[in-house]
Structures are given as structure tokens and as C-alpha cells.
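Data first, discussion second: the structure below is written as C-alpha cells.
Order of writing sets the chain letters: A, B, C and D. Residues in each chain are counted from 1.
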Amino acid sequence: MTWHWSSLSVVLAALLLSPLLLGIIPRVKAWFAGRQGQPLFQVYYDLAKLLGKGAVYSTTTTWVFRLGPLLSLSTIAASLLLLPMLEFPATLQFSGDFLLFVYLFAMARFFAILTAMDTGSSFEGMGASREAIFATLTEPALFLSLATLLKHNGTMSLSEVFLSAAPLTGTTMILIAFVLLIVLLAENCRVPVDDPTTHLELTMIHEVMVLDNSGPDLAFITYTASLKLWITSNILAQLLVAPFPEHGALLRPLLAFTTMVLLAMLVGVIESTIARLRLIYVPKLLVGASMLALLGFTIAR
Amino acid sequence: MYEWMDTCLVAILVLDLYILGTSRLIAVIQATIVQGMLLGILPLTVHSQETIHHWILSISVLLSNVFLMPYLAILLIRKVEIRREVEPFLEFTPSLMIGMAIAFISFWIAPYSQKILQLPQHFPRMLMPAAITTAMSGFIILATRRKAVTQVLGYLVMENGIYIWGLTLLDKMPLLVELGVILGIFMTVMVMATVCYRVYLRLGHVNVDELSNLKG
Amino acid sequence: MRDGGVLLWLLLFLPLVGVAVCLVLKSPRKILLTTCGGIFAIGAVAAIAIAIVIIRGTPILAANDWLLLDALSAYHLLVMILTFALTTLFAVRYFGDELRVNHFPTSLARQFSSLWFGIVASIMTVLLSNNLGVMWVGIEATTLVASLLISLHGQPLALEASWKYILLGVVGGTFAFIGTLTVGISTYRLPVETSGCLMWTQLMACAKTLNPEALKIAFIFLLTGYGTKVGLAPMHSWLPDAHSQAPAPVSAIFSGFLLNLSLYCIMRYIPLVEVATNHARWSLRIMVAFGIISIMISAAFILVQHDVKRLLAYHSVEHMGIITMGLGIGGLGVLAGLFHTLNHSVCKTLSFFCAGRLGQLYGTHDMEQLSGVARVAPVWGIGLFASILALIGVAPFAIFMSEFQLVKAALDNRAMWALVFFLFGSSAIFVGALRHAMSMTWGDTAADKSYDKANIIDYVLVLFPLGLLLLLGLWIPEFLWNLIQNAALIVGK
Amino acid sequence: MEIFLIALFVLAVGGATALACSFNARLASWMGAGSAVIGCTLGLIPAVRSLTTEPLTWHSAWPLPYCSFSLKIDALAGFFLIVILGLSLLGALYGGEYLYGYARQRKLGTPWLSFNFLIIGMALTVAADNGLLFLLAWEVMTLSSFLLVIFEHEQAEVRSAGLTYLIAAHIGVAFLILVFLLLSEHASGSMDFAYFLQIHDLQSKTAGIIFFFSIIGFGTKAGFMPFHVWLPDAHPAAPSHVSAIMSGVMIKTGIYGILRILTFLGPPPPWWGGLLVNVGVVSGVLGVWFALAQHDLKRLLAYHSVENIGIIAMGLGIGLLGISYHLPTIAVLGLAGGLLHVMNHAIFKGLLFLGAGAVLQATHTREMDHLGGVGKKMPLTSVVFLIGAVAICGLPPLNGFISEFFIYWASFLGTMQFADSRIIFALAIIVALALIGGLAVACFSKAFSIVFLGEPRNQEHQHIHDPGVAMTIAMVFLAAMCFLVSILVLYCGLPLLGQTIHIVSKLELQQIEYQLAAIVPPLKGLFLISSVVLLSTTFLMLWRKYLLNKRQVGKAVTWDCGYLAPNARMQYTSSSYAQPLVDLNCYILRTRKDVQKPDGYFPQTARFLSHTLDTAMQKLYRPMFEVIARLFNKLMWLQHGYLHIYMLYLVITLLSLFVFYLGIK
């Protein structure tokens, strides 16, 4: 177990900048729609506003409903400690850290589902059910991608994957990157898996799960969503940036951040150009991603 | 030296065929009485020092096969009011023909069996065919007749065949065992007759093919 | 007295005294109690004789070698007195119930008791005689008496069963007699004295010089003949009928000992054939085949059975098959088979007690209607369930132990087919029997069934055999094991 | 060792006394539960001691052929013994109160007798040092648990569960008998394990057969697919504390058996590990998938036992592969993961069954779709159930995560270190564990939320409340253990695990401890992250409290999208929650649906019923038994009732024997 205190700056950056990343997507979508769109910092405004509001709780709910958002946020935030940023290894590094990292996500999801189910609403139940199924199918893809990366670099720690002398390149990298992109879309409930902006509860996943949350709780949930986007795009960005040669300690991390912004824009582009998949096709997409990851694993050396 | 014996045995064999071919029960009983007489004579035709043994055997066979068992059988057919066997599973003519076939086959296999069993050369030639044919005739009656009474008679005939086979051991077997066997056979016939009679009393018939309610 | 010969004579004649006494007595109750007392007295005498054999380690011979009690027969005698003592006690309980509703007049009581003592006498003849011919006579007598016992109440179906049993029994008996004679013929070339040609001890002494071919033919006849009375498939057809129709105490001794008695006769011949054929395992292979067939056929019939006593009857076929297979496997298998004899007898008497008593309470043996017995009559119901569990080989009951040894024997001797069929058959039986047992024991109960208050005898009758089975499954007394081993030495090498 | 025997004695006597006292339910409960608690406590002493010292042994002759009363508690046995007796102790405590709830309907003597003998059976199975003693103890265990399964024998399905259970157990035992006999053949006929240990001339074929048979025999008890069919029926049928013990520890005796047999067989060829991995993957994935489709709370938990046994098998399998390929790290990590999961599963599955039992006792139903909102009335139960659910999903920081972590780690190492084609095993485990993780989250989010959250679906459940002291203590203790296991493992578990792994793998102790030491940093990392999560949650909670302090906090009904008359039956049910995932695997799950769609402009009635039966039972065993029954049915004509034909049987037999005679001279 190793501490890298300097990496706390990366964690701080993530905590501060992640709402920005979330704000880019609607902006891109607005561009595509020919509108001006909301300010880039809209998410910050939203968060501040929500934190300043009172709250309404359903009479059905219990302590689970109060605890869920807090626990989700703190687990996701804690997982930042395990996330490296190229030259900045994770704050807390040990072999097998990636497992804890993935399972912290699962933990957050578990409590998000429970929070939704606590309301007794069938809409939220529906959303929770879908969240569970898509997460189930995403995990093998994620793990297979990780297995490919770890095997390629011969390491058991996330921090060493992107720092190795011979990072993953070529076809395998493209495959894995594609898989990770799908994972990103699924984890963050984006088109084509989910449409966060739809107006029909029956078709939503993430948004429908939080129908009954309000005030600070909703702020925490939104912030959690932004952190998730940050983290997933971060990993993908590192994968893409890793092959670039190293020039100074900060260059590649900055490049990676730029990539993350580009990825957020890409998500916006995808959301603008592609329709949401019918729910019964989503499993095919996710299983397909797993297959691609398996293919990547097979051809990787 | 076994002329008398062979003559008796041939007579017994012929009686078997008669029994197989007839439907009248009283005729069957008569035939078994004659068979019993011949069986009684058989031990006396064997030359041996132990004549007392042979005489006792002869007398007890006569007593049981000529008097007691036929008497029982007649008593039984009177009680259950049955005179003849009707419609057996195997008709009389086929039974007769099978009996003939068995007789032929037994003539044919007798020498082989004698060799396998290491019986002496001067063994009575007719003994084994007669024994096999008699026993098998009895079995055919047991297995193909419809009336329980007939089956009792069939058992009698079968035991006659076994008795003939037992003569091979005449000098070796202790008298006590032989008497025990004869007593055993007599008791068997008696018990069969008793049960047969009880069946008649309870059910009003002695048709074996109707005794087929227990299955599975 | 010192060599115990008198005891053998006593064993032969005491039952006859019993017959005489029972014919004199007038009250059915007294007759039943006298029978009980008589059987216990005979049991005591037998126990002394068995003790002598065990302690001295040599056989008891008497009456100029005509009577013999060696380890094999002593062991079977032990099984016999055990089953008879229990069954007689049960008979008092069973018929006592009929007595209460006046279904058991004096004439019937006399008939029962004299036949009961009669069957004991004939069994003694078989077990104690050294002469194979006398043994045959004893078996025939047993068959006759038993057939009369089956139709004791004279019901139509019982008569039918009785008739079937007699006819198949006497045909089998005839075959067995042919076989016995042929065994005598196998001595033809030998200078055996007159009285010795069917004396088992003398035959064993010169077994090597006997004519093997004659013995093989003899064995074929003997196995078919005695096998019919053992109930080995496919000669078992009479068995389910007789077991299901006989009064429960009769079924109990039928299954508990009469089958074993005929098997005992076969056991006497196995060493003769094997020694004469120079241990070519010729007879043993046939035994294994019969064992397999019996197990498989009984498995088939157990699966579809509706009548509880028929179910138990097919279990008897199965267990006789198992013992036969054990004998056929040889070596340890003989030991297992003999041990199985005791276990099966104790267990089967118990299950017939329970089935009979429950049949009496319910007025039927149909398993569809015999439902929820554990609630209606807990003692008998649980007894039935436990005994069926024991029968199908659940540890720690003793049958598990003997079957375990059988499997070991089969593995040791590489009798793989026997092993496979045994395991398959016994598994099928397990499934079939357990299915019946579960629904019988705990199934839905019709409301009108009266609750039967168990008395102390009931507890003894159920708990004693169960306890014995548990004991034998967990702790075999040394003297018993020695006895079984010595008996096995007589049958096998 | 004497203490162990005294413990067994206490259990036996206590059980018998409880039976004798069955006329008085209170007395019987006190005797049964009390003796079980005392007995287990006593038994734990030698079990714990055995982990640190030399193996404890006891030998005395027994007048039963091939049997001797030989006991040996080495580290392997001690490990299992601790798990068994520990959970049994809590089960007894819980059962004392739980069973008393049935006192009006039935006598409690027999259940307590069976319960105590179940403990004796399990303890002896693990401690036995003789094959026959092992089998006897095994059967005592089976029989007593059978009696507990049919506790509520008025119900037809309970009887059928008992039937299936006993049949499966018996068929399993048949294979075990063969296993031990084959071993004893190579150990000069003795059944003592001491002789088994000296076997060295075993051909690989024989060893393979023995291993394969023991997988079937022990796997039937452990619940490997497709031998698991008894399990989803039997576990729900038993009283809940017994379900906890059956599911938590009894099925683990199967795992123990496999490990014990492995110690006799010498170095394992790769296909053994491969087989175990395959079995584990199939059991794990399908087990959890079947669990997801259930509506019966205890049945759901029972299927999860299949899943967790699958995870254990995966761990052991990858460990064996590590041994075969001489990769000690993988071997040690895999075995350690499997063994740890044995203990962890006992803890959280025991907890979950006890929690389910508390719900069952309060509401008298196991049907999840009839429950709902239980958490408000039974807050304590809901908290402990949630802890168990988090643990069984393998979520950090609870104990389930740790064992899965080991297995993951071994498999990821496997992807790097195995030769080419063998990677597939490691990969299969990774994918399976990932899938299982997701499905388990789905399944337990469903189980917890349908039962404890939302509104009550049945108005009769208004007056339910948390259970009494004894049941609470048992549940809370187990819940605490879910947290504490990781600390235990870190500070005293690793050297102890080393001993156990040493016995199974026969690797050198030093090397094992060296390998195990690698696990310390991740565990510490886990603690740190957990404390960060804890701290930040607390902070967020306080912050929210501060924020909301001055503001209006409203109460309202759940947002109902404009519906006029919302009621509890409109909530998402367990079957609707699971439907997408169940449909995804419809070919294997074969859920039956009975649908009556709403019809017409003013629909009056509509209905939807779904039921997922066990596919192995429906498509494999039932048809197999039917074929056998049909074959056997064809023999029925043999017994047609006609005496004449019966006589011909005799002659035919005679003639065939003559043919045999002539044929074989």
C-alpha cells in the first residue's frame, strides 16, 4: 500500500471540475439543435440552488431513503482516491485496487437502487430494475477490459496500467476504448442506453429513480452523477493518452483532461445524432461490448 | 438283470400317456393306482442284500400310493362334485403329443446324462426316461389344467416320477429318509386337498383360472 | 447334557408338546398366552444351544450325527428365535384385538397355535438335521404349514394366495428333491456308507472327490427349487400374494424367517459345489445373476405398488436378492449376506408389525387410504416409517452396514456389474419406497380415523427391533460377529 | 480432545432430554437450546486450539468392522469446526425463541433432538478420522436435517421437499461409499484416514475416478449444479434457524469432504481444477439467476447458496490449477479465497436466513409479493438484513468482498501466468464473478426493497414487530461479524489460514505465509477507503442536517403521476423487478407465465402469475425418472395373476440354467 499525497490535487480537481464536464454535454446538444443552450456552469448553479432549498420526503420512505444519496456520493468520492491520472498515481495504491474501485461503484449503485425502491413508486421501481440489469451486463465488459489492460502490463494495480513502458496500442486499444465508451454511456445513463432528457417516466432510468428526491439530496445525486462521468471518462481518456510519449510531468495529464472534455462533447454528439435504443436491444449492445472486450483480450499479447 | 424292472417302467410310461390324454378324473385316479402298484413292485426287482429295507419301502409305497392317496383324491372329487376336466389350457391331444415328444427326448438324452452323472454301465435302461416322462407329465397336468383337483392329481403323478428317479439311490439312502419323503408327499397331497376343499367351500368352485385376482 | 445333544432333541420335541397343549386348552386368550410362553421357552433352550456353540466353538452333533448345530445353523437359529419371539408377542397383540370384536373363536386359536408350533417344529427339523433329505422333508413341512397359516381366516383372496403358494411351493419342492437326489448320485463312485450319502458333514469331508458335473446339475435344480421358496425372481410370483394376504404375524415370519430358511438350504450346497468344482465360482456366478434379477424386478414393482404389504413383500424379494448376491460375490460378501439376514429379519418383522397393525386400524392396506399414519397412530406410524428407512438402507441402521460391506465385497472382488446393478436397483427402490413411505406417514388424514392409544407392548414391539437395528448398525457384539464369521467360513472358503 | 467429546455428549444428552420433556414446550426449548449452546461453546475450545497447536487426536477401537472411533482435529477440520459450531451456537440461541412460536401447534421435543444431532453429525463428520465413521456421521447429519426439513409435515410441498432431499442425499452417499472404498482398497483395506494419507501408488485413472465421484457425492450435499435440486426445496421448508444452519454450514461439509479427499489423492492433474472451475461457474451464475426469479424469500436465499457454493468451487478450482501448474501464488490465493468464502457465506447467509425467519414469524408468509414496508415495523431486522445483503453481494467493506477479492486476484494472476489455452479458466471466473456480482446486486436490492421498503401490501401486517432478545442477539452478532471478519483476517486470520491451506495444498508453510502476506496491503487499503466513506457520509449527513435545519421539510405522498387512487398494490413487485433479467435467460430459467390480459374498453379482471421451477428438476431428473418408471412399468405383465404361467417361469428358469450349464463347461 502506497500513499501519493501529491495526487490529492487530482482528486481535488475532480471534485471541483466534474460538474463542468457534465455541463458540456447539454451545451453540445444545444449546438446541434441550433440553440444557444445553457451556460457551461449551469450544473454548479443547479447544485447551489438545490443545496439552498428545503426538502420534501414521501411518507412512505424510511432511513434508507435519507442515507442512500449520501452513501452513494461518499463511495463514488472515495473511489477517486483509487483513480490515477497518468503521471499522478492514485492517492492510495495497492495491488488489486481496481477491484475495490469497481466494487465501490457497485456499492453506490446498490444504494441508489434501494433509495429508489424505498418510495414504493412503480416508476422508480421500474427505473431501479433497469439500472440493475444494465449494470449487471456492463460489469463483465468492464472486467474484461480491465483484464486485458492488466494482463498487457503485467500488473495488478490500476496506477501502473497507464504508466507502463509499453502501453496498449493498436487494434486492441481501439477495441477496449470502444468497450469503455459503451461502459461510460451505460454507467452514466446516456443515449443510446438511457435518455436523461426524456419527458416520459416510462422510458427513463436514472432520472426516474430520483423523482422523489429533492433539495440537498437531489444536489448530492446530481453531483454523484457528475463524478461518475468524470471518473469513467477519465479512465477512457487515460487509455487513449497513454501511448503518447511523456514530456514533463504535467503535459499528459493535461492532455488527458482535454480528452475528457472531448469525450463529454462526443457524448453530446452521440446524444444528438443517435436515438435511444429500445430497451430490449440494450442488453444486446452490452453483451456485444463484452464480446468485443473478449476479442480484445484474445488478440492482446 | 433288470428285465422285470424295465417292463414295469415301460408300463408306467404308457400309463403316463394315458393320464395325459384322458379327461375323466376317475380314470386318472385309476391310472395312478396302477402306477402306484408298479412303483411298489419296483424296489423288489432290484437285487440286493438289504431285502428288509426294500420290503418296507415297497409296502409303504403301496400303502400310500395305492390306498391312501387315491382314497383322498376320490373323496375330494366327490366333495367338490367334479367328474371331468373341461377345456384345459392345453387340449388333451396336444398334451399327449407333448408327452410323447418328452418320452422320445428323454430316451435320447438318457445315455448322455448317465455319462455325465457317472452312473454304472449296467444301470436300468428305462429308468431315466420313465422318470423324466412321468415327472414331466405330472408337471404338464399341473401347469395346464383348469381345475384345482386335477392339479392335485398332477402333483401325484409328478412325485411318482421323482420316486422312480430316487430308485437310483435305493441302496444308499437311509430308510428313514425315504419314509420321511413318502410321508411328506402324502402330507402334501392331504394339505392340497384340504386347501382345495376350503376353496370350494368358500368360493363354490375350484377353477384355478378364476383364482387370478392378485396381481401387480 | 454336556455336549448339548439333549438340547437339540428338546428343540425338536418341545414344539410338538406345544401343539398338544394348545389343542387341550379352551379359551382363545389362554391359548395365545400359552403359545407365547411356549415360544419363549423354546427360545430359551435354543439360546442355550447357541451359547454352547459360540463358547465351545465347535458344532453340536447328536443322534448318531443326524442332528447338527454348527455356526451356520446356530446363526440361523438365532435369527429364528428372535423373529419368532417378537412375532409371537405381536400375534398376541394382533389377535387379541380380533378377540375383542369376537373374530377369533377358540377353533381358530387352536388352529393358529398348533400350526404355529408346527411350523416351529418343521423349521427345527430343517435347521438341526445333518441329512439333506430330512432337511428337504422339513422344508416341505414348513411350506405346508405356512400355506395353511396364510389362509387362516379363510378369506377368498387368502385362499387364492394360499393355493398359489402351495402349488409353486410343491413344484419348487419337487425340483429341490430332484436336486437332493442328484447330490446323492454324485457320490455314486465313492465308497460312502449307506447312511452317509446325504449326510452333509460326510459330503463336505469328501467334497473334493464328488462328481462335479452331477453336483452342478443338482445345484441347478436346488437353486430353482429352493429359490422358489426363497422368492428369488423370477420364481417369486407367489410371494407378494402370500405376504399380502396372510395375517400380519404370519407375513412377519414369512418374510422374517421362512425365506431365509430356504436360502439357508442353498447355503448348505454352495460349499459342496464350489469345493467339488475346485472353486471355479460356477455356482457363485449364478447366485449373483439371481441376485441382480431379484433386485431389479423388485425395484420395478416397488415403484408402482399400491398395497403396503405387497410393497414390503417386494422388499423381501429385493433383500433376498441382496443376500444371494452377497453369497455369490463370495469372500466378504458372504459375511455381508449373512449379516444382512439378521438385519433384514429384524427390520422386516418390525415393518410387518406396523403395517399389519395399521391395516387393522384402517381396515385396508391400500396406501392411498393409509395416509397420515404418524398422526393417527404415532407409535406404529413412526415405526413403519423408521423401518422402511432402515429397509432402504439409511444409516445408521444395521442394513446400511451390511450393504456397505456388500459394496466393499463387490469392489474387492471386482464384481462391477453386480455393483452397478445393486446401486442402481437400490437407488430406484429408495426413491420408490420413500415416496410411498412419506405419503403414508404424513399424508393428509381423513378426519374420522380414531386415535389408537398405544400400550406398553406396542412400545416394546416397535422400540426393541428399532433399537436392535440401531445397535447392530453402530456396535456389533463380538460374539455375534464371531458367530457370523464362523458361519461365513462354512459357506465360503 | 476430551472437551470435544464432552461437547458431543452434552449435545446428545440435551437432545434426548428435550425429547423426554416434549410434554412441556418451554422445558423442551430450554433443554434443547441450552444444551446446544453449551455443547457448541465447549466444542469451540478444541476447534480454536487446533488451529494453533498440533492436531488433536483421539483413537479408540469400536466393535464395528472397518470402523474405529478415531477423531482428528487438524487445522482444516478446526477451521470448518469453528464455522459449524459458531453458527450452530447462534442458531440454537435464535431457535430457542423461534421454535417456541410453534409451541401451540406441535411438540418441540423431536425438533430439538434432531437439531442437536444435526450439530453432532456435522461436528463428527468434520472431526472423523475414519471413513466409516465419516459416513455414519454424514448420515446422522442427513437424517436429522431431514427430520427438521419435514418439521411442518402437514404441507404437501414440505413433504415433497423432504423426499427430494433424502433421495438426493442417499444417491450422494452411494458415491461417497465408492470413494471411501476405492481409497481403502489402496490403503490395505483399512478405512482409517491415517492409512489413506500413506497412499502413494494411486494410478492417475483411479485417482481421477475417486475425485470425480467425490465431486458428485459431496457436490450433491454442497449443492453444485445440477445436483442442487433438493436445496431450493429443502431450505425454505425447514424452520429458519435450521435453514440458516443447513445453508450456512451443513452444505459446507461437502466442501470439507472434497478438500479432505484431496489430501489423500496426491498432486492434482489440471483437469480437476478445471472441473471445479466449470462446476463453480455454472453453479454460481445459474444459481444467482434462478434466485433472481424467485418470489419466495427463503427459496431465493436457498438459490443463493448454490451461487455461493459456486464461488467457493471457483476459488478451490483456481487454487488447484495453481497447484497443478506450480504457481504457488495462485494456489494460495485461490484456496484462501475459497476457504474464506466458506466462513463468510456461513456468516451472511446465516444472518439472512435468521432475518428472513424473523420476518416469517411476524408475517407468516415467505411470499415477497405479499410483504412490503416491513422495515418500518421491524427496523432492527431490516438493518441486519441489509447488512447481510450488502455482504452477500460482495460489496466492500463487508466480508463477502474479501473472499471474492482473493478469488478475483488469483484469476487475474491466472490470466497472466497460465499457459495459453488455460487462461480460459481464469477468464471464465472473472466473467462469472462479474456477472454474479451484478446479478446479486439486482437480486438483493429486489429482496430487501420488496420486503422491507415501500408500503405494506397486506393490511394485516400492521402490528408486526421486531423479534425478542435471543433472536436479536443472534442476528446482531452475525451482522457485527460481517464487519469484523476482515479485521480478524488481517490480524490473526492469515497465519491460521496458512495452516489450513498447507494441509490441502501440501505446499510449504513458509511459502504459503509469504504468499498470504501479500494480501495485507489491499486489506489495509480497504480499511482506509471504508473509513473515508464512513467519514464523508457522516460529514454529508451533518451538513444536510445543518442545511435543512432552518428550512421547511415537507411530508407528502410519493409522487404518483396524477393517479387518483394510489394503493400499495401498485408498487413494483418482485417479479416485475426481476422480469427483464429473467427474460434474458429464459431458455434456461423457463419461467412459466399465466397471463390474463385486460380486455375490452372497461376491463374488469386481469391476472399475471409467473413461476420459475427448477429446470434441472423439470428437464433432467423428472424426465429421467419418468423414463425409468416407464421401463419398469413394462415389467408389470410379469405379475398377471395366472398361476399356470407362474409355473412356466420355474421351468424357463430351469431351462436357462441348463443352457448356462451347457454353455459354460
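One rule holds in what follows: contacts are C-beta pairs under 8 Å (C-beta built on N, C-alpha and C of every residue); 3 or more make two chains touch, one makes a residue touch a chain.
Please read all numbers here as calculations on a predicted model, not as lab measurements.
Undergrad: Using the touch rule from the top, work out which pair, B-C or B-D, shares more C-beta pairs.
TA: B-C
Undergrad: Using C-alpha centres only, name the chain that sits farthest from chain B.
TA: The chain farthest from chain B, judged by C-alpha centres, is A.
Undergrad: How far is the middle of chain B from the middle of chain C, if each middle is the mean of its Cα atoms, in Å?
TA: 31
Undergrad: Which whole number of Å gives the spacing of the CA centres of chain B and chain D?
TA: From the centre of chain B to the centre of chain D is 70 Å.
Undergrad: Between chain A and chain D, what's the gap in Å when you average each chain's C-alpha atoms?
TA: From the centre of chain A to the centre of chain D is 36 Å.
Undergrad: Using Cα averages as centroids, what's the distance between chain A and chain B in whole Å?
TA: Roughly 100 Å, centre to centre.
Undergrad: Which chain C residues touch at least two other chains?
TA: Within chain C, the residues that touch at least two other chains are 163-164, 167, 171, 217, 240, 301, 304.
Undergrad: Counting only residues that touch at least two other chains, what does the list for chain B look like?
TA: 139, 142, 208, 211-214, 216
Undergrad: Pairwise, which chains touch?
TA: Chain pairs that touch: A-D, B-C, B-D, C-D.
Undergrad: State the interface residues of chain C toward chain D in the complex, per the touch definition above.
TA: Chain C residues touching chain D: 163-164, 167-168, 171-172, 175, 216-217, 220-221, 223-224, 227-228, 234-235, 237-238, 240, 282, 286, 297, 299-301, 303-304, 374, 389, 392-396, 400-401, 404-405, 407-408, 411-412, 423, 426-428, 430-431, 434-435, 438-439, 442-444, 474-478, 481.
Undergrad: Where on chain D is chain A touching in the complex?
TA: The touching residues are 372-373, 375-376, 379, 382, 386, 390, 393-396, 401, 405, 408-409, 412-413, 415-416, 427, 430-431, 433-435, 437-439, 441-442, 444-446, 448-450, 453-455, 518, 521-522, 524-526, 528-529, 532-534, 536-537, 540-541, 543-544, 547-548, 551-561, 568, 570-572, 576-581, 584.
Undergrad: Using the touch definition from the top, list the residues of chain D that touch chain B in their complex.
TA: Those in contact with chain B are residues 636, 639-644, 647-648, 651.
Undergrad: Of all residues in chain B, which touch chain D in the complex?
TA: So the residues of chain B in touch with chain D come to 89, 139, 142-144, 208-209, 211-216.
Undergrad: Which of the residues in chain D come into contact with chain C in the complex?
TA: Touch list, chain D to chain C: 62-66, 132, 135-136, 138-140, 143, 150, 153-154, 156, 159-160, 162-163, 166-167, 170-171, 173-174, 177-178, 181-182, 184-185, 625, 628-629, 631-633, 635-636, 638-639, 643, 646-647, 649-650, 652-654, 657-658, 660-661, 664.
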